[in-house]
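As structure tokens, here come the structures.
Two complexes come next, and they have one chain in common, chain A, joined by chain B in the first and chain C in the second.
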Partner chain A sequence: MSFEPKIVAFFCNWCTYTAADLAGVSRLKYAPNVRVIRVMCSGRVDPQFVMDAFAKGADGVLLGGCHPGDCHYAEGNYKTLRRMRMLNRMLKDMGIEDGRFRLEWISGAEGEKVKVTVNDMVAKVRALGPLDMPGKFKEWDKEIEELEAHVNSDAPTEVAHAR
Partner chain B sequence: MPDKPKVAFYWCASCGGCEEAVVDLAEDILKVVEAVDIVLWPVAMDFKKADIAARPDKSVAVAFINGAIRTSEQEEWVHMLRRKAQVVVSFGACANSGGIPALANQFKKEDILKFVYEDCPGIDNPQKIRPQTSTVDEGRTLTLPVLHNMVRSLDQVIEVDYYLPGCPPTPKIIMSAVQAILAGKLPARGTVLSPDIALCEECKRKDSKPADLALAEFKRPHQVQIDPEKCLLAQGLVCMGPATRSGCEALCPSGNMPCTGCFGPTSRVKDQGAKFVSSVFSNIVPKEEKDIDAVLDGIPDPIGTFYRYGLSKCILRRKLN
Partner chain C sequence: MADNNANKQQPNGLPRIGFYICHCGSNIAGTIDVADVAKYAAGLPGVVVSRDYKYMCSDPGQEMIAQDIREHKLERLVVAACSPNLHEETFRKAAAKGGLNSFFFQMVNIREHASWVHEDKKAATAKAKDLARAAVYRVRFHKALEKQQVPVDPNVLVVGGGIAGIHAALTLANAGKKVTLVERESTIGGHMAAFDKTFPTLDCAACILTPKMSAVKSHPNITLWTYSEVSKVEGYVGNYKVTVKRKPRYVIEDLCVGCMECIDACVFKEPKFADKFNQGLGKRKPVYIDFPQATPKVVMIDPETCIQFKTGKCKKSCAEACDRKAIDFDQKEEVKELQVGAIILATGFKTFDAKKEPHYGYGKYPGVFTALEIERLVNASGPTSGEVVLRDGKHPKAVGIIHCVGSRDEKTNKWCSRVCCMYSLKLAHLIKEHSGAEVYNFYIDIRAAGKAYEEFYDKLLSEGVHFIRGRVAEVTDWAMTPEEEGKLVLRVEDTLAGFVRRVPVDMVVLATGLEPQADAQEVRRRFNIGCGNEGFFQERHPKLAPVNTFTDGIFIAGACQSPKDIPDTVAQAGAAAAEALVLIDAGHVELEPNTSHVVEEECCGCKSCVPLCPYTAITFDEAKKKAVINEVICKGCGVCAAACPSGSIRQNLFEDEEIFSEIEGVLGK
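After this line comes the complex of A and B, so read on.
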């Protein structure tokens, strides 16, 4: 089976979500790989949400907000931009490839930009391949499974450390 | 006279500071020794693995375990202690969240071994000998523990009942935990035995913390003359106070140094580093990408700064490679 990227998208209620709605009523076709979560403001998105999305199996995370200067709450998108610039550095340091996390400003009138952005991101994440953090966590923890069973068996013998 | 409750202390990947913290109880340690029987304490007393292994399951009242888990030996010990103890207390930052040893989760095991045994300046190892898990010498087989691929917190290996935070936990929170245990007045399982509010709440500099922390620059402690009264964040220093649990009575800020986050987050926060970024970086002054980046350049090592004591508990757990 070919790899279908899972993209979690956080779209702000006032601009990007409205744009996604517009893309819908305009019958624009875009890749079905994106799972949209509506938030009141891109500023509501805590860096923990992005990491959590990756940890729970997202291959990419897209965050959409109003253009600078257009935030419904005046400053929310600036807060987003600043903290996500730092998050970007941290994700890079943790080995998450460039392109898996993306921040875009998409106004309520830019249905076309939703389509272009989603399609472009899906293509790029597809090229990067699966991230599969849940699988990685499982793989990493294999090294501690064997010994637990051994120590907790009813007659633990001297453990042979060399495995 | 009924038997005194039996208590075990054990250390895994740690520096010994947590053991020191127990000794720092000073005269209070006599009260502890009077009330309990210590059945294991490798740093101070002579007990062997076989002594603990021979005890019936659940016969030890409390096991205090400090240090992160990096080797199969540590892993084996903590499984055994979990089996023998009724209550396991994760003691200190390394056991709670990986601590300083967990910073190694930014590197592959192979890279660490290669550096330590081959590339490190000052190493003299022309044959590039590395420790082996098993080797035969004069007909005898000698073994060493396996070095795991990553550093884990104690609760990533066994179930933990309570947590004592800190690098190391302070005598005050140790003593109140010991008293609660001896009196049988324990909170819900899984509780961190320290106040569940941010450090800023008990910091003497709190009143000078501005409501809007609009920072235009980050500085490191050696680059500035630190004002001993004013909020450290307001001075442009990375002080982890807002994202760190209280209980230490703001020891570092009282000593004119920023908090580095050793008590870990409060119960509402899942990832201390990400939460710190969320709170402090939202309000820096610039609005343009390149100006924001210039401010962020003031923190050359974000992972080492925001996860200094907690990389094992970062949602992502380790660097992917």
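After this line comes the complex of A and C, so read on.
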């Protein structure tokens, strides 16, 4: 079976969530891989939410807000932009590839853009393959355990370094 | 309906959850296996009742929920159906009916976000299960909340003084509400004031409009501010603070009686400057009034052309002529503030710029006119007193009207402007009546859908107006035959006859389409509403909330929402006024309780949140060294909650644990 990525999306109530509703009303068809979580403003999205989604097994995270200047709450999306640029650097350091996290401005009228964005993202994440952070955590935990076991045992420390 | 509810025991103190999934006829059930989802949900922790039903939003559906809440002692409710934007309120009420706090409820959107957008039934069902699980996980953490009630200011602002704004203002004023009508131009009346006759009845536009204009002026409940623009809007539903700039007209409005003696006395003996109201076909002086029935009937001075403003050396004969001393060269812009509970936007449209279709020769051949110019030419109070003449004063013998200029065209505007067919028929009739010329209509389809519209088209056919079905390729003065010399030739494929024709005429009329106002984007930002892709203001729902916007308390009416004719505009203006009345007469509004608050004992006093709030709802209590959120000012975006490093800011309905459990839910197995 081919790999089907799981993508968690955070959509702001006023623009992107409405756009996704519009895509529905217009019966546009797009990939079924995205699970939308509604927030009032993209500015509510704590970078921890994105990290948590990856940690719990998401292959991609999509964040949708109003276009710059159009935020229902005046400037929430600017705050999102600032936070997410920082988050992007951090994700890179963690080995999470570009394209797994995406921030898009989609207005309430852009149902078509929801379709295009979702399809594009699903295709790109599918090409990247599974992220499987939970699996990686297990691996890392195992490595740490083994390291600790080595440190606590009488084995020469060089062996631990050599790993 | 499957029974998934055989005496389920509730373990480990989780709240008792009821799960309901809607078929929505076949809208959901056609793509999603609802029985399977219901069965799946029954096995989720905490779920004691799980049912599917044909129409959850129907009375029996809601009654079923209410009854289950009582019978099964439900403590939480999850409904998987359409978008919360459509039926969240419905199910909150159903919860309340069963005796449950409305906010112990979570809605799952499996119609707009799943069944309508996916074709793969298996994948759509899996998605529905994921979303259902997320809601079940999340709803455990919901808290009992109450909606906050705030009083509504009973005053209304209407922006735009065309027929839509006039009708809305009068309706509200007649209902006893105080209305401020703000109009950008120096007079109200809008586009309709420029028309001679209206289709299909051919009644005189002025005769039906000007009484309404003067009713606005004299109504004790209406404050009319013309030559004014809204520059700032603050606040929220029921409590808007609006700043209006009143531009200087250099004439004191309260003193001027509109005798127009100043115009006669102006040092310019003859009108010299292009008259905007007459589409530049007539002339005016630097001191002028748009048209005799302008409301308010107050003259104004154009500083761009007035000698006093340009050189400071005019003998100011206009001021001398005014015995009421109404002329004030030093008048300054005034800034006014007002408090209103509701706002109606009726800012209208602009017509398509015909120069963007250069093959029709507007601006190149003097014989090419826009429809609005012809409206002024056929108007008895227009620059030619109703005589249809070319720019050189000659009478046209043949006139071609090109339909759909800037409408139904991939290259310009895709939409049908809805009024051009009918106004073209009207103008054809009037041109024929006023000049006796042969009139040719070049059309794609005649769209005469309206009461008595098709009959009007029939009438035109019987009057001997010619109809040629085909989109005109170009207007040219290049003659191929002696008969075409000195004429404008329309090249067109006659798609009914099946050959290309050349039709020589003296006058070409371009039926330009309707577009959003040039500053529609700025205006919508000012009022915090949305625009559709075409740039017209976005209604809340195309069918069920056509005059509401996504911002409560702000309504739209007329052609600012989409192109429409006068009857539809008036109907919509009435609807917008009624919606505003509903809001005001309720006396108060209930605000969503999704505001944020600070858990005092957890706040570390870092002040990170204070500068983030766009509404300055967060202050810092210096004595306690804690942040404080004013929940009346808070609009519930949650920006502060996301930023708080100690996690002490909680946003109702969007608390961290609610969102984290939702993330866990969508990704869980």
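Convention: the second predicted complex is superposed on the first by the 142 of 163 C-alpha atoms of A that agree within 3 Å, B and C clash if a C-alpha of one lies under 4 Å from a C-alpha of the other, contacts with A are read in each partner's own complex, and residues count from 1 in each chain.
By our rule, a residue touches a chain if its C-beta (ideal position, glycine included) is under 8 Å from a C-beta of that chain, and two chains touch if they have at least 3 such contacts.
Note that the structure is a prediction, hence the values are computed from the model and not measured.
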Contacts of A:R27 with chain B and chain C, given as first, second, both or neither: second
Counting only touches as set out at the top, which of chain B and chain C does A:M133 meet: first, second, both, neither? first
Now for A:L81: first (chain B), second (chain C), both, or neither, which partner does it touch? first
If you stack the two complexes on chain A, which partner ends up touching A:R89: first (chain B), second (chain C), both, or neither? first
Which partner does A:D52 contact after superposing on A: first (chain B), second (chain C), both, neither? both
Mind working out whether A:P68 is in touch with chain B, chain C, both or neither, as first, second, both or neither? first
Touching A:G43, do we find chain B (first), chain C (second), both, or neither? both
For A:E143, select first, second, both or neither according to whether it touches chain B, chain C, the two together, or no partner. first
I'd like to check the shared interface: which positions of chain A are touched by both chain B and chain C across the two complexes? 43, 46, 52, 79, 83
Can you list the residues on chain C that touch chain A in the complex? 83-85, 109, 111-114, 116-120, 123-124, 126-127, 130-131, 134, 525, 528, 530-533, 538, 550-551, 594, 612, 614-615, 635-639, 641-643, 651, 654, 656, 659-660, 662-664, 666-668
In the complex, chain A touches chain B at residues 43, 46-48, 50-52, 54-55, 68, 78-83, 85-87, 89-90, 93-96, 133, 136-137, 140-141, 143-144, 147-148, 151-152, 156, 159-163
Touching chain C in the complex: which residues of chain A? 4, 6, 8, 14-15, 17-18, 20-21, 23-25, 27-30, 32, 35-41, 43-46, 49, 52-53, 56-58, 69-70, 72-76, 79, 83, 107-110, 115
For the chain B and chain A complex, residues of the former touching the latter: 53, 72-73, 75-76, 79-80, 83, 106, 132-134, 143-146, 148-150, 152, 156-157, 269-271, 273-275, 277-278, 281-284, 286-287, 289, 292-293, 296, 299, 302-303, 306, 314-321
